[in-house]
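Shared chain: chain A. Partners: chain B in the first complex, chain C in the second.
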Partner chain A sequence: MDSIAGTKSSLSWAVNISVVLLVVLWLIPTVGLLVSSFRDRDQISATGWWLSPFPVSENYQVKAPADHATPEGGVNTITGNVFGEGSGKVSRFGGKRAAPTEFKAGETAELTRDRTLTVQSDGSYIYTSPAEITRDPSIYFAAASPPDFSLDNYRTIMASDNMDRAFINTLTVTIPATIIPILIAAFAAYALAWMDFKGRGFLIALVVGLLVVPLQLALVPLLTLHNKVGIGQSFLGIWMAHTGFGLPLAIYLLRNYMVGLPRDIIESAKVDGATDFQVFTKIVLPLSFPALASFAIFQFLWTWNDLLVAKVFLPSNSESWVMTVKIADDLLGSKGGDWGILAAAAFISIAVPLIVFFTMQRYLVRGLLAGSVK
Partner chain B sequence: MKLSLYTSAAIIALSSSSAFADGHLAFGAEGGDFSWDSYNTFAESTDLSGQSLTITGAWTGNEKEKVEKVIAYFNAATGADVTYSGSDSFEQDIVVSARSGSAPNLAAFPQPGLAADMASQGLLTPLADGTADWVANNFAAGQSWVDLGTYADKDGADQMYGFFYRVDVKSLVWYSPEAFDEGGYDIPETMEELKVLTDQIVADGGTPWCIGLGSGAATGWPATDWVEDMMLRTNSPEDYDAWVANEMKFDDPKVIAAIEEFGAFARNDAYVDGGSQAVASTDFRDSPAGLFSIPPKCFMHRQASFIPAFFPEGTEMGEDVDFFYFPAYADKDLGKPVLGAGALFAITNPSDAANAFIEFMKLPIAHELWMTQGGFLTAHAGVNLATYADDSSRAQGEILQNATTFRFDASDLMPGEIGAGAFWTGMVDYVTGADAADVAKGIQDRWDAIQ
Partner chain C sequence: MSPMIQGMLTILIGVGGCVGYFFASNLILDKIIFPPQKKNPGKNINRANMVRPWLFLFPALAALGLYLVYPVVGSFYRSLFNRSGDDFIGFGNYTTMFADDGFQTALLNNFLWVLVVPASATFLGLLVAQLTDRLSWGNIAKSLIFMPMAISFVGASLIWKFVYANNPDIGLINAIRDSFGAAPLDPLQLPFWNNFFLMFILVWIQTGFAMVILSAALRGIPEETIEAAIIDGANPFQIFFKIKVPQIMGTIVVVWTTITILVLKVFDIVYTMTGGNFGTEILPSYMMSYMFRDDGRATAVAFVIMIIVLPVMIWNIRQARQEMK
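Then we have the complex of A and B:
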C-alpha cells in the first residue's frame, strides 16, 4: 500500500490510448467544420467532408454545339472535346442522363434514331446523326476530379462591407463588458468573503440564486428600462446588460476563491493596522490573480460569442452590428443556406478567442483548481 | 500624353460621380417597362425631407439588397431617410423590440400569424382608412388579401393591419426538362396523371421524388405544405377554411385522408430519393440538388417559388430546370386551387413617413422594382408583367392571377403553437412511421389544450 504513490499503473497505455481516442472524437466536428470552410455550397451538399481529400469520379454533362455540325459522308457530324480548352481523362461516357456511364472511353455508343457517339479518353468526341441536328445534344461522361479546396469563403467574408466595423464593434462590446464586471465583482467578493456584516450569508445565497435565472427572462424588462432612462439601444446599454448577466458568476467564483486564501495573512495584516481597502488591494487582489484571469476568459468568450444580447441591446442598423450578428444576418444569405460561409465565418470569429484562450489558459486551469485544493 | 490621361481620368471621375447621384436608383429614373406616371405623381405630392423611417424584416443577404433598391426609390421620391435592417431571427426580435418600446416604424412580417398575435396585444397600428377598399379593388382576388391582413385588435374589433407585398406560390413542381425529355415523360395535367407518371418513373428504374423536411428548428414545415395542397385538392375551399379555424377538427377523416395522400408519396420507399426514412432527415435546402445530379437522383420536387435560391450555382431557369403546376384531381371538380404564402408590411410605430411608405407600396412601381430583380411575385393587379425578370416568374405570376381558388398557407394562419409547432413535429412523426390518425389526434389535443 505504501508504495502506490510511486508506481506506474501497468494499465497506463490503456489510459493513454483512450485519452487519444477521446481527443480525436472530440475534435471530429471541428475538423469537419474546418474542411467544409474551404469548400463551396454545392460541394458540401454533394459529398461529405471526409471524402473531400480524395479525387472523386464525378459525372459531368456537356453540350455539343449543334451549329458546328458538318455533313460528312452523308451524316451530320459534330466533333470537339468535352474538356473544351482544358484537359482531363474520361473513364466512361454515355448519351443519356439516366445512364451517364454506359460505355467505356473509346467505344462507340449506338444511341436512339441511329445516332452514334464516340468519346476517347482524352475527351475528344465524335457525334453523328443521319438526321439534321437541331438541338445541342448532351454528352455525359465520368472523369476523376482532383480535390478542390479554395479560400473563396474566407475571401467573401473578409471582403464583405463593414466587416472591419463589425470586428471593432465586437471589441467595443467585449472589452468593457469583461473589465467592468471584474472590477465590481472583485470588491463584492472581498466583502462577502472577509468582511463581517449582518445578512452576509443571505447575500451570498441570493447571488448563488441569481445564477440560475435565465437571462432571456430579463431581456424585455431590461430593454424597457433602458428606453425609459434614456440609454436606449446603445453600447452603454449592452455593457450594463453584460455586466449584470455576468456578475452572479463572477462574484460567486471570486468569493469562493478569496475565502480559501490563508486567514493568517489577512489577520496579521489587520493586526498591523491595515484597513480593509489596503488588505484588498495589497494582499487579496494579487493573490487572486488566477481567479480573476479565469473569470476574464469566461466572460470574454461569452461576450465574444454572444448573439442574443447583441441583437436585443444594440441598434439593428448595420453600423452597429457585431461579428455574430453580421454573420447571421448578412453573410449566411437569405434563409441561411450557405454552409461554407458559415463554417469559414466560425473560424474567423473564433480566431481571437483562441488566441486569448491559449495565452491565458494556464491561469484558467490554475484558477479552477486553486479554489478546490487547499 | 500623361496630361491627357489625367484629364480623361478626371472626366471619368466627374462623370461617374454625377452618375453616382443617379446610381442610388438601380434602374434609372425613367424608361424601361416601369410605371413611372403614378410614381412621379407620388413624388410631387409627398415631401418627407428630414424625416427618418426604420423598417425591419426577415429579408437578409441578397434579399436585403433587393429590397434596399426598392427603398432607394422611396427615398428619392420623398427625401425621407429610410433604414432597413434584416434579421435572421426577426420573429423574436420584433416581439422584444415592440414590447420594450423600441420598435421600428414598419415591420415586414414573413407570415400573418405573428402579425395577428401582435395586433391582438395592441402592438400594431391599423393602416390608414380606405386601405382595405383599395386592396380589395386593386389586388387579384383582392378581398382574400384584405381578410388575410385584417386581425382583431386589443379590444377584439377587426382592423386592417397588414399590406401584402411579396407572395410565394407553393403549388409548384420543379423538374428537369432534359430528364423528362430523355425519359419521354409529359407534364401531367391532372393528379391522376401525376400518379401514373410517378409509377412510370419507378417502372423505368428511376426515383420520382425528392422530398426533404429538414429545416433546423422548423423541421417538418415542407410537409405541411404538401398536406395543405392535398387538402385543397380533395376538399372544398370552405372545408379548408374550417380546418384553418379548427371548426373542422384536425383529426377529422377528411384531414387524415389528406395526410395519407401526402403519405402515398412520401412514405413509399420506391417513390422518394433515399427511401422514406431519408425524408425527415434531408434538409429542404439540399433536397432539390437531386434533380441536377447525373444520373438524376429524382425527377420531381414539390416546393414553393423561392426554391431557385437553393439550386446549384449557374442553374438556368427553363433550360436546366422548370416547373409545372402541382395538378388537381380531374374527377373531383375543385378547379385549380393554388396554395400560397406572403410577406406583409405592418406599422409597429406610427409616423407620417410610415403611412407614406404604405402609400408608396400601393404604386405598381414598388412591386415592379423587385419583380425585375427576380424572386418576387405580387398579387397587385396593376403591375406591368413585362417587368418580371424571367419567363418562369411571369408564368408563376400568371398561375397566381389565374387561380380559381387561392388559399393561404394554413400553417401560417393557425396559432403558432400548432402551425409552427405541433403540425411540424407531427408531420415528422408521420413520415417516420407514425399512424396518420394518431398524429392528427395528437395535434388536435394540443389545439384543444391552448383554447
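Then we have the complex of A and C:
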C-alpha cells in the first residue's frame, strides 16, 4: 500500500536494513547464552562467546623431569616436548608463574641464576642450568586449543545440582495451575456473556478491575490465611494461589470471546429445548477452543516463569525449589562465576516456554489481541 | 507422597470436582428444587433460570473474592499493625516508611521505570510494527522480536547478566569498550545509569507485546484514508505520523497502560540483577526485602503500589463499561 506511490527504493532498503539490525540486536543476548551453555568453562573465561568458533589460546604449565637431566658441555640439560606424546602449537612461553607468556616461541629465555629455556613452536624444549637440577622446573606456555563444545554443562547441572528436581517441581506447579482455572473461568465467562441477571454489569467491571490488582497485596494476607487453615507453604497452596490470580484474565478473555459467538446458534439451541448447561457444554465450550488455548498458553507461561508466587507460597527448602527460585536464589550466589553452568541452567528453564511459544504462537497472538484491542 | 503424584491427584480432584459441582448443582436445581413438572412449571423454570447464573459463577466468585478482593482489605488492615501484628499503630508503618531513605530511592526509581519503560517499549513496538508491516519476511522478524515474551524475568536477567558482565571476555558491552581501549566497568554499578540498564531488560521483553498489538491495529486502519493521503502527495513519514498514529491512538494508550501496570509488579529483574543494591531498588523489590521480616512494612509498601495502580484501574473499568453500552 505504501508503495503505490511516493516511496523510493532507497527507503525500502533502509527499512530492510533497520529491521535486520533490530532483529540481530534482539537476538544477540539469547544467542550468547545458548552458545555459552555449550562451551567448556576454561574457554568461556578465555575468550568471548562471539569468538567461540575459533581456537582458544590457553595457558598451560608442565614440569620438566629433573631426573632426565644430562650434563652436556658443563651444563645440566633437560630436553623434551611440552605436549608429551601429543602435539600442538606453542605461541609463547615463560619460565615463571608471574610472566607465563613472556617470550615468543623459538626465543631463548635467560632465567635467573644463568639458567636458560628455549621452547620451539612444535613444543620441543631445552632447559639448561649450570647448577645441579634438583626439583622439576616448571615451563609455562600458551597454546591454541580447538573450540570445545559439549553437553558437559548440562550434565553437570542436571546430575549434581538438583536442577532435575527443580524442573520437576516447576512442572508440578504449572500443570494443575493451568488446567484448574480454565474450567472455573469458562463457566463464569459463559454466565457473564450469555445469561441475563441482575448485577452482571457490576461483575464484569469487577473482573476488569481485578485484572490490575498488584499481586504484592495478596502475599501477606493469603500466606497468613494459608498458615491458619493448615495449608501453609505447600504445593496445594501455590496451586490455589495461581488459580485465584489467573482467574480475572481467564474470565475476561473467555467472556470477550464468547460474547462474539453468533447469537443464532445459541438461541436456536435454546428454542429446541437445550438447557443452559447443555448449551454451554455442547456448543459454547467447543466453539471457544481458540480462546481456551490462548488462556492456557498465557497461564502456562506465567506460572512457569513466575518467581514471586513461588518464593512466597512454596516452602523455602531446596527440595521444593522451582527453577526460577533455584537460579535466582541458589545458582547466582553459589555459581556466580561459573558462566557455563549458569547458562545451561537458564537454558533448561527457558527451553520449554520457548517450544510452547514457537509452536503455539498463533493462539498467543490471538489471545493478546482479544485481551487488549477493543 | 511425591509432589508429582500429588499434582496428578489435584488435577483429578480439581477437574473432577469442578465438573461434578457444575453438573450436580444444575441437576439439583432442575430436578429437585424447581422441578418443571408439578404445579406451575413455568414459574419454576423462571426461578431456576434466576438462580442458575449464580451456580455458574459461584466457584469463580469465591476464588476471586478470597484471592484478590479480600487481600486488598486484608493488606490494608495488616499494614496498620506493627511488625509482629499485635499492636495497632495506625499509619505508623507509612510514616516511618516515607522517612526511610531506601523507600524514597525505590519510589523515585519506580517513577523513572514508569516513565521510561512503557514509553520505550511502546515506541519501539510501534516502530517495529510499522517497519515490518510490508516486509516479505516481516512475520519471521516479528516472531523473533516477540520471542523474549516467553522467557522468564529471571531467565532474561541471566541472559543480560552475560551482556553486562564486567569481564571483557564475557560481557559484550565491555568487549566493545575493550576494543576501543577503555577500561572495563560494571554497568550495574554505575550510579543512576544502572537503573536504565535494568529497565532495558524489561523493554527488551515488552517490545514484542507492544509490537503484536500495534501491528494488528495498523492492519485495521481503513485503507481509504491512506490512499487519500498518498493521492494528496503525503510522504511516508507524514502518512505514518499524521494518518496512522492518530487512528490507533486508542490502542497505543491501552498498550502503554498495560505495560505501566506490569512495571509496577515486576520485582524479578532487580532482585536477580542487583538485589536492590547500588541504588536500583524499586517498590516491588523493596517490598520483597521486608516480606517474611516485617509484614506490617511489607503490606504498607504493597498498598502504596495499589494506590499508584488505582487510577489505571478506574480508567480501565470506565472503558469496559463504555464498551458494554
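As a working rule, the second predicted complex is superposed on the first by the 238 of 374 C-alpha atoms of A that agree within 3 Å, B and C clash if a C-alpha of one lies under 4 Å from a C-alpha of the other, contacts with A are read in each partner's own complex, and residues count from 1 in each chain.
Everything below uses one rule, namely that a residue touches a chain if its C-beta (ideal position, glycine included) is under 8 Å from a C-beta of that chain, and two chains touch if they have at least 3 such contacts.
Model, not experiment: these values are computed from the prediction.
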Partner touching more residues of chain A, whether chain B or chain C: C
Contacts of A:V312 with chain B and chain C, given as first, second, both or neither: both
Contacts of A:V271 with chain B and chain C, given as first, second, both or neither: neither
A:L332 touches, of chain B and chain C: first, second, both or neither? both
Touching partner for A:A159 - first (chain B), second (chain C), both, neither: neither
Touched partner set for A:P176, first chain B, second chain C, both or neither: second
Which superposed partner A:Y190 touches (first chain B, second chain C, both, neither): second
First (chain B), second (chain C), both or neither touched by A:L219: both
Partner chain in contact with A:L27 - chain B first, chain C second, else both or neither: second
Touched partner set for A:A46, first chain B, second chain C, both or neither: both
Footprint overlap on chain A, where chain B in one structure and chain C in the other make contact: 45-46, 219-221, 224, 311-312, 328, 332
Complex contacts: residues of chain C adjacent to chain A: 3-4, 6-7, 10-11, 14-15, 18-19, 22-23, 26, 30, 49-50, 52-54, 56-57, 59-61, 63-64, 66-72, 74-75, 78, 127-128, 131-135, 138, 141, 143-155, 157-163, 165, 167-170, 172, 175, 204, 207, 209, 212-213, 216-217, 220, 223, 226-227, 230-231, 233-236, 239, 251, 254-255, 258, 261, 264-265, 267-268, 271-272, 284, 287-288, 291, 295, 298-299, 301-303, 305-306, 309, 312-313, 316-317, 319-321, 323-324
Touching residues (chain side chain A, partner chain B) in the complex: 40-42, 45-46, 59-61, 96-100, 138, 140, 219-221, 223-224, 226-228, 232-233, 311-312, 316-318, 328-337
Of all residues in chain A, those that touch chain C in their complex: 1-7, 11, 15-16, 18-19, 22-23, 26-30, 32-33, 36, 44-50, 168-169, 171-172, 175-176, 179-180, 183-185, 187-188, 190-192, 195-197, 200-201, 203-222, 224-225, 235-236, 239-241, 243-245, 247-248, 251, 275-277, 280, 301, 304-308, 311-312, 320, 324, 327-328, 332, 339, 342-343, 345-346, 349-350, 353-354, 356-358, 361, 364-365, 368-369, 372-374
Residues of chain B defined as touching chain A within the complex: 54, 56, 59-64, 83, 85-89, 93, 96-97, 99-102, 104, 176, 178-179, 182-183, 204-206, 216, 285-286, 289, 293-296, 306, 309-310, 312-313
